[in-house]
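Let me begin by presenting the structure, written as structure tokens, before commenting on it.
When the chains are written out, they are named A, B and C in that same order, and each has its own residue count from 1.
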Amino acid sequence: MPHHTHTLTVETTGRGMIDLTRRITGWVGRTGISTGLLTVFCRHTSASLTINENAAEAVQRDLLAWLDRIAPEGGDYEHDEEGPDDMPAHLKAALTGVSLAIPVIAGTPALGTWQGVFLVEHRARPHSREIVLHLSGDLSGA
Amino acid sequence: MPHHTHTLTVETTGRGMIDLTRRITGWVGRTGISTGLLTVFCRHTSASLTINENAAEAVQRDLLAWLDRIAPEGGDYEHDEEGPDDMPAHLKAALTGVSLAIPVIAGTPALGTWQGVFLVEHRARPHSREIVLHLSGDLSGA
Amino acid sequence: MPHHTHTLTVETTGRGMIDLTRRITGWVGRTGISTGLLTVFCRHTSASLTINENAAEAVQRDLLAWLDRIAPEGGDYEHDEEGPDDMPAHLKAALTGVSLAIPVIAGTPALGTWQGVFLVEHRARPHSREIVLHLSGDLSGA
């Protein structure tokens, strides 16, 4: 039952949601682990992770707009030297979180039909983001 | 150190919180694992998980009312074809999250005295919800 | 691949954020685990955990002020017998969460350069808080 890790590098193009489900599921499949636990971890404080609807893109736009309302720019923040989008980005990351734990069954993450794993970029400019994957479990046929 | 998984099916009766602590703790006990890690995962995007006060039911009502204020119906959402409660449900799920990781010590999840594990149904109508449990650890006496 | 657990006791001095990164990283190092999974779990419903900026203290003050705005005291809560700061504390704990999963690589949690692990005390008065750590993984050189 080895512990596997892998780092995904994701180039973002500014504020938005990026569906990582295929890349994550592909890596899990290649490890040969049948039953286990997958962890997805975002190494940043102004980008974060969420599991949400994978079908309707309007859901993603509504989620981003809601985050903008709940953690608005121009919110009279003390920390503003890195630009007006920086402190809202930290708040949005605190709200959605940076780590996800997902059981693996039959060689694949046990996501529901409508669930996708998304990186949410909260900064206005493009960034290079590192997502660390961890998987422990039993090998197929073991 | 095997990896155990189990799926709980929970029938909800519309918006509300359902305490899953007993069902989860019972399953953990039956595996015989003494020290390990429990993961609780909700396979949906309009229901979610939270750990909160297990004693005062007023806390649950206040939490649900607060979620309604923070992610209100009628919020001018682009995604509205599945009913006025659908997009708020996705937002509430993003806020509370769908996965929980809980250490297991002495054969039981290391929850605090006042902590309960709750499924939160965000849709107005009843739904059948799947909660996947994962547990890895050392067997008692091993 | 044993499962390690450890409980940190943290004395808080009222509302605020306490950086636990050094204590957690130190414990992980002492286990000798090289590659694995760390879980951090807060056993309370009015204190919680977040990963956020570790450099600028203004970020912490802005985060606390934002939590106060989003879950204000005097919010017409039904549950108010434990003081005006109690129900807001439960809401803030639901928002930020009480469990974190962090991959361990090369003997240390794979946190980003600017990431710190913080306990957030939401109550006005000092409290003694228990944080349970869990670590499973492969020993160095194994």
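Definition applied: contacts are C-beta pairs under 8 Å (C-beta built on N, C-alpha and C of every residue); 3 or more make two chains touch, one makes a residue touch a chain.
In this text, all values refer to a predicted model and were calculated from it rather than measured experimentally.
Fitting chain B to chain C on C-alpha positions gives a rotation angle of 120 degrees, to the nearest 5. Taking shared numbers over all numbers used, the chain A to chain B interface scores under half, which places it in the different class. For the pair chain A and chain B, the distance between C-alpha centroids works out to 19 Å. In chain B, the positions touching at least two other chains are 1, 37, 70, 95, 97, 100-101, 136.
Those residues of chain A that touch chain B in the complex are listed here as 1, 35-37, 50-53, 56, 58-59, 61-63, 66, 70, 95-97, 100-103, 105, 110-112, 114-115, 136-138. For chain C in complex with chain B, the touching residues are 1-3, 5, 37, 39, 41, 43-45, 70-71, 75, 77-79, 87, 90-91, 93-95, 97-101, 130, 132-134, 136.
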